[in-house]
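Next come two complexes built around chain A: one with chain B, the other with chain C.
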Partner chain A sequence: MALVVLAEKRNFRFPIRLSESAVVVPWNLYRDNALRNPPSVSLGSWCNESSQRIGDFDLRFASQSLFLELLKELHVEHGFTGEYWQSCPTLADLYQKVRKKRYPLMSHQARHRESLENRLSGILHHAGDVFACNRGIDLKKLLDHDFILELDGTIPEIKRLILSLLLSRILLYRIATGERTPHLRTLVIVDEGQNLFRRQEELSDSPSTLGHLITLAREFGCGIVVGVQNIRDVSYALTSNCAHKIGTGFSDMRDLDEFCRIIA
Partner chain B sequence: MKSSGRSHQKPSQPPQNPEALIRDILIRAKQTGDDRKPNFASLLQIAVNDPEDTEIITLLEEKLQESEMENLLAPDAFRATAPTQFDDVDGDIVLGMTSNNTVYGINRDALCRHMLTAGSSGSGKTSLLKILVAQLINRSS
Partner chain C sequence: MNKDQRDHLARVLGTGKVIVRDPRYPEPFLLTVPFMQFDDNVPDNEVLDRYEKFIPELFTDPQDRTMILDALRRQRGLPAQAVGLLQYSPQTAHQTPRQQQSQSTKQSEEGSSSETASKIGSIDSLRPLRIQLSNPKNPFLTESEIFDAADITSGSTKATSKRWLIEHGFIREYKIQRKKSFLSVWEPLALGYSQLRLTKPQYASKGGYLHQFAAHRIKKFLVKQGYDVALEYMFPDTGKAVDLWAKREGEIIVGEIAIGPALARELDNLYKDLAGSVLPDRLIVATVDGKMRRDLEKLIELDLYLSTFRDKISVKLIGDFIE
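== the complex of A and B ==
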């Protein structure tokens, strides 16, 4: 069974002492090409998924569509069809393409282009090393180990992007390659998951698809354990999909009320 | 121990130390194959199986009434949802104790259906996750 821990702090290093296969990676040494599809997952479905994940970076649906359009153009330009041995363009390449793109001033497309350029610029300036790599981490090897990713020391938005991309990769990979099984094959543990599953975003015009992926992953032996602080801010998709709910104590009455409501 | 106020059959011998009595009951539970820590309900079942031992039944009835009174005076939001039967808390991964002081466990395959732990800062969420990780690693290695 593969164990993946997405830790907020540096308090999940103890598995190194317990298991030889445990690997702890700080976020700045982690590498992920957001534009490369996971093994066995089609390029088209990954393009949709990565546009969603970048879209979670406070990007409106129309700008996500522009992202998807330019991403597909970029893949065609680089001759990338999704095979693992091919060279895949990176977020930095996409950023350059967005910058060169010209639309009539004051048009909707120009506004979306500017919005997309700002988001990509923000991602690359905060975590350029993580995303400016061609290949990224080998997901098959990652799932052969007990993998702990430490996310302390970066801004919440970048944490969220890294987490959601990795979670999507694992879930889509398991769905694409796995048989339907009641036995646990992969367990993803997310500490401080309130940033990843936000209720506010679920109520917006472009809700995240992570909740939908969680529903699908269950049938393929992929379980998720999420620790959250403010349960009233956590998405309904998460609370309704978790069969087991444990409350460890609340200091806010609104959280206590919400917890009692969801376990009722 | 509080008096229940109910009339019980007086034991022929002077009452033993309650802790010693509970220990005896636990030993009996172990002998009958139930090696987990039993709750009041299963203790009562053991006592019912041995109706001659009126002292145990009296003691358990008093303890149950005391527990009911405690619940009435200080209702806990989680008490109603905490498991009371050991069949419900069976599992190969032990996560800790509930507010009813019963051991709470979960089966590994049940984690496929996802788990959510919620609580304020410092309430033990991360400790719970650590216990889970340590047990999963120990079992797989």
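== the complex of A and C ==
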């Protein structure tokens, strides 16, 4: 069974001492081309997924659609069809494309283009090295190791993007390649899960698909352990899919009430 | 879940117990979890070695590794020499990195390393920290208490020792006011714990180190006065947790610790403390310095609701509780 740990701090390095195959990666050394599809996952479905993940940056559905449209154009321009050996455009290429795109100033598209440009510029400014790479870490190799990703020292939005992209990759890959099995093949441990599975977002107009992916991936041997500080902020999709709930150290009665509610 | 069960949970969970809900086991039973201690102190170098084997294409240029290590150190905000690479040596323990560097240069020039090393001061610079952490669960001592316990009386030795510990990333220093002077408080950092091969303990109170320091010292002070004291006490009716709760012969004291600059938040806390079914006889707010105390007193005076409780609320300095 492979272990994937998405750690908030540098306190999860001990597996290095326990296992030869364990790898600890500080976030700024992690490489992920957000536009490249995981092995066995179709390019189309990954484009949809990546537009969702970028959409988590407070992008409206219309701006997400623009992202998707330009991404597909970019893939055609680069002749990328989703094969592993092909060179894939990066978020930096997409950013350049968005910048060059011109729409009438007063049109809706111009506003969506501006939102998209701002988001991509922010991502590249904070984590250009991570996302502007052609290939990224090989997912199959990653899942053969015990992989610990350390996320301290970056802003919450980038943490969230790195985490959600990696989690989507793993889940989609397991769904695409997996046979239905009751045995656990990958265990993902998420620290500070309230950043990733937010209740507020679930109640919004465009809820994230991560919760849905977790439900699906469970059938394919992909388990998830989530640690949270404040249970009231966690999405219903997560709490309802969680078979086992462990509660300790409540400092607020409202948290305790919520815990009682979900275990009742 | 009925009210009794919920109340029982509230009592149990406040005492560090764990509740596990597993649909396969409808009846409660006692679960024993073995305690396992892991070594968290894996240096960056070891992490990079493993990562280099995993993805060699990232480390094609030898300079890359140096740059990556530097970036990791900067990210952690500690002096470069203090991060994971420092090898503790009793001969050079009390020196700053710069002194060590100049010493090694001198040694190579003079060719008499053992003689030079033996001339360097006689105090093990980790000793004050070792004394502070002799009871790892209660390291809440002031700087002067630590030096007294370490029997260090010389002013220059104290200053050198403290500077060395700070520069090497073993401690962080805070200042709190006591009357007209300031007291130094040392927060032992992760590197300090690992250097002494100790595990950082969990404390009963919450917040940063200074908050915990204040909570424990005020508790100690009140216990001496004969109070029964609880940290992070939760009022069962409002669900509000207070930093400190003390009781003696029917008299109830509630304590709030104000560390950060957000004074409006402290006022909110006072509102909540006074909104419970049990009205405390005294409500103490402990602040870091005099300026904060004055500002808070002014805000309480201006607040229509809080000013009616002026005889109950007293704003004090944390230093007032340190004997």
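As a convention for this text, the second predicted complex is superposed on the first by the 264 of 264 C-alpha atoms of A that agree within 3 Å, B and C clash if a C-alpha of one lies under 4 Å from a C-alpha of the other, contacts with A are read in each partner's own complex, and residues count from 1 in each chain.
Quick note on the criterion: a residue touches a chain if its C-beta (ideal position, glycine included) is under 8 Å from a C-beta of that chain, and two chains touch if they have at least 3 such contacts.
This structure is a prediction, so every number in the text was calculated from the model and none was measured.
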Partner chain(s) touched by A:T248 [first = chain B, second = chain C, both, neither]: both
Partner chain(s) touched by A:D191 [first = chain B, second = chain C, both, neither]: first
Partner chain in contact with A:V24 - chain B first, chain C second, else both or neither: second
Contacts of A:I137 with chain B and chain C, given as first, second, both or neither: second
Chain touching more of chain A, residue-wise (chain B, chain C): B
First, second, both or neither for A:C260, with chain B first and chain C second: both
First (chain B), second (chain C), both or neither touched by A:F14: both
Contacts of A:D32 with chain B and chain C, given as first, second, both or neither: neither
Which superposed partner A:E49 touches (first chain B, second chain C, both, neither): neither
Common interface positions of chain A, toward chain B and toward chain C: 11-12, 14, 18, 22, 243-252, 256, 259-260, 263
Residue numbers on chain A that touch chain B, as the complex places them: 1, 3, 5, 9, 11-12, 14-15, 18-19, 22, 146, 182-184, 187, 189, 191, 214, 218, 221-229, 231, 234, 238-239, 241-252, 255-256, 259-260, 263
Complex interface listing, chain C residues touching chain A: 1, 5-6, 9-10, 13-14, 16-23, 38-42, 46-47, 50-51, 54-55, 58, 68, 71-72, 75-76, 206, 232, 234, 236, 238-241
Residue numbers on chain A that touch chain C, as the complex places them: 10-14, 16-18, 22-26, 28-29, 31, 137, 141, 145, 152-153, 243-254, 256-257, 259-261, 263-264
List of chain B residues in touch with chain A within their complex: 77-78, 81, 95, 104, 106, 108-121, 123-126, 128-130, 132-134, 136-138, 140-141
